[in-house]
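Some structures to go through are shown next.
Shared between the two complexes below is subunit A, which pairs with subunit B and subunit C, respectively.
This part shows the complex of A and B:
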């Protein structure tokens, strides 16, 4: 299997404070890779290394080698001597991201997908309606909202909003999907729906997910990366070979405690 | 459990405050209408001049307030034309691009401008003309453009502050989401942040508009007169409703004239409400386009 992500000795610091220290990892281009660890261990920062989103915050310094396969073989993401990476907007279009709490834009359902399509993907107006529909179908939301495309997106339920956020990222035809605790703010029912959807998407995209729940990590992850104090401490391959108790032992917390 | 007495007192006070507000506004409008409404006839606007001739300026209107209405509308329009672009632009710069040091400096300057009494702004305009007369332009005189420029300076801080607040109220999570989708900062501003904050910015424009329509101190020094006819050009003298109310209140000869003053005040109030509704209408149309449906 080809690698979607190659990281070597990645360090991230904010205002001189190290958050990620010397992470090296290679993630294949299919299946779900789950990053897990206690809160504050740097897992979200590590995820944001891949789409350079850490640079939106002041005082950020990233070093190390990061290569992604965005459809044309491995390519460097960060500038280095003799290396000119893709411009940021293009990188972020190809590396889709979904956040912890659904952050739909306070515009209509249609515009939530249409605005990025028009501004980032430069989609011609004639194809717009089709591509919005396709994105909504991909996340199983089309039947729910086809009658209400021009209603404010905030009127959707939490689970629907999160699926809309996924659709917004998918509409841009990314090569990799990053998920930052995508079910942390959802109820049990909505969590199950989103997890099911992610399993289906994992057949088409490499998914890299930060998770807050041991159960989710074990059920969904094709491989687990355990982080502690900014470093990768363990890597577990294959599903269901570990129990929650063993995993919590690795993390040094009681299994019933949320991370 | 028995509520403590202080909580009852607080609830009473919280209930009284809006009631007091309603009573004050009601009394004000009620009194204005009671005194002014009976004078609201065509003759209040055009005096003895035939309506059409007065409206188009074919014949001068001597004892009607139509020229003052037209003057106020032109003045407010010109003021907004001059103030909206720099005001909103400065607000955007402060909220999105300025470094903390520049935020402090420019923010301080804007606050200072906001604290400037309007009479000072009028005097500033007047001295500017004097300066021009003694230097490069000996024929410079007070007029519509000067008055509108000084008014624009007066309303600028309102526009800056409301634009900045509206943009800063947009949650950071939405900025991050827009960046994560690959939007450049400019696209993020034009397609996400501005559409979201249009309501706040619109509110600032309405405030500025009201301020420009009611102010008398600035224009008194910079070109308003009691009798000028319809506004003729950027450098000409003009009439305005606010000044005509002030003038009537100070100089009225008989009871009928005073009542006409009340009528004029009612008309000014009407124009302000009309402009406010127009602004809301535009804003709602804009919002419907973006948000759709019943928002």
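This part shows the complex of A and C:
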């Protein structure tokens, strides 16, 4: 299988303090890769290496080699001598990201998808309605909102908002999807919906997910990356070969104390 | 009064209701309210007779010629409004652009651009502390010769005063706007950036359309500050008591008019017209403050109700 992500000796520091120390990994271009670890171990920072989001925070330094396959073979993401990476807006269009709590824009459901499409993806106006519809269908939200497209997105329920955020990322036709604890702020029911949706998406996209729950990591992950203190300590391939107890042993904590 | 209130034990304060800090506060608030009421009463009491005894050369006529018994302040009313509005037309858009520039650094920019931002932000804060007379004084030497060369006339005119007033109200506008816009922008980060938007995109598509009240209240308060300023028009506008007709011609504002007449006269019809001018200024400023207050209250409620 081709690799979607290649990282080699990646270091990230904020104001001189190392958060990610020498991570090397290669992730294939289908299925769900789950990064787990105790809070503060650098999971989110590692995820944000891939869309260069760390750079938006002051005092950040990233080093190492990061290559992504964004549709045209592996390409370097960070500037280096003789390397001119894609501009940031383009990179971030191709590397979709969904956050812990739903972050819909304070505009209508339709505009939440349409404005990024028009501005970031430069989608022609004539295709706009179709692409918004397709994105909403992809996340199973179309039936719920087809009559209320011009309602403020903040009026949707938490699970619906999170699916809208996914639809917004999918509408931009990304090559990779990053998920930062995508169900952390949802109730049990909404969590099940979103997990189901992610499993379906994993057949079409490489998904890289940070998870706060061992159960979720074991059920969803095609491979698990265990992080500790900014370093990748274990890598487990294949589903259901590990138990929650073994996993928490690897992390050095009791399962209920993970968060 | 904070130290003394914390020195009183809690139960003593709660039980008796004779908390010294609280009674001092009440007293101070009462004095302030009483003072404002008395001010209004006095101005109205003095202005009313002038208002009712309408004679040929009364305050609402057009010509100010005290030697010939003409005490019209129409030109000054027009001068005040025109000058404040023109200062706002220059200062407000500039303030908005400056505010957006301050809050929307482009990623990957050089260290120079970053330090330029922090220096400008610092300067804007300092500008609020500079006395008006310094602006006026500097402008007399630096701005008026420039204006004289470009538009003609003496240089002491509508244009000079409007430019300087715009500079004067700029920090007010920038600070108000940033207090309203920055938290809204902050809420959209870093999610908005992760979609490929720049901060400027986020500002333009999601912050500004939602922040009409902030935009409007900065407009209103900027106007209030511009219409109430005395020294800039007094030093730069030329003070000719005529209807403003060209940007190179002088004009006289209500505030400058009051300052000039009070320093020359101590009674008579000229002096009486001042009460009229004072009452009008008070009215304009009270309206502006009320307007700003309403906006502030409703936008606060909106913020409370609107978010999860």
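Please note the rule applied: the second predicted complex is superposed on the first by the 258 of 259 C-alpha atoms of A that agree within 3 Å, B and C clash if a C-alpha of one lies under 4 Å from a C-alpha of the other, contacts with A are read in each partner's own complex, and residues count from 1 in each chain.
Note that a contact is a pair of C-beta atoms (placed from the backbone, for glycine too) under 8 Å apart; a residue touches a chain by one contact, two chains touch by 3 or more.
Nothing here was measured: the structure is a model prediction, and the numbers come from that model.
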When subunit B and subunit C are modelled together on subunit A, clash or fit: clash
First (subunit B), second (subunit C), both or neither touched by A:204: neither
Touched partner set for A:61, first subunit B, second subunit C, both or neither: neither
Which of subunit B and subunit C A:108 touches, first, second, both or neither: first
Superposition-derived comparison: subunit B or subunit C, residues of subunit A touched: B
Contacts of A:151 with subunit B and subunit C, given as first, second, both or neither: first
First, second, both or neither for A:189, with subunit B first and subunit C second: neither
Contacts of A:53 with subunit B and subunit C, given as first, second, both or neither: both
First, second, both or neither for A:2, with subunit B first and subunit C second: neither
Doubly contacted subunit A residues - partners subunit C and subunit B: 51, 53, 56, 88-93, 97, 99, 103, 105-107, 115-116, 119-120, 165, 168-169, 172
Touch list for subunit B against partner subunit A, complex: 171, 173-184, 187, 191-192, 195-196, 290-295
Of all residues in subunit A, those that touch subunit C in their complex: 51, 53, 55-57, 88-93, 96-97, 99, 103, 105-107, 115-116, 119-120, 154, 165, 168-169, 172
Subunit B partner contacts - residues on subunit A that touch it in the complex: 51, 53, 56, 88-93, 97, 99, 101, 103, 105-111, 115-116, 118-120, 148-152, 165, 168-169, 172
Contact set on subunit C toward subunit A in their complex: 107-108, 188-198, 201, 205-206, 209-210, 306-308
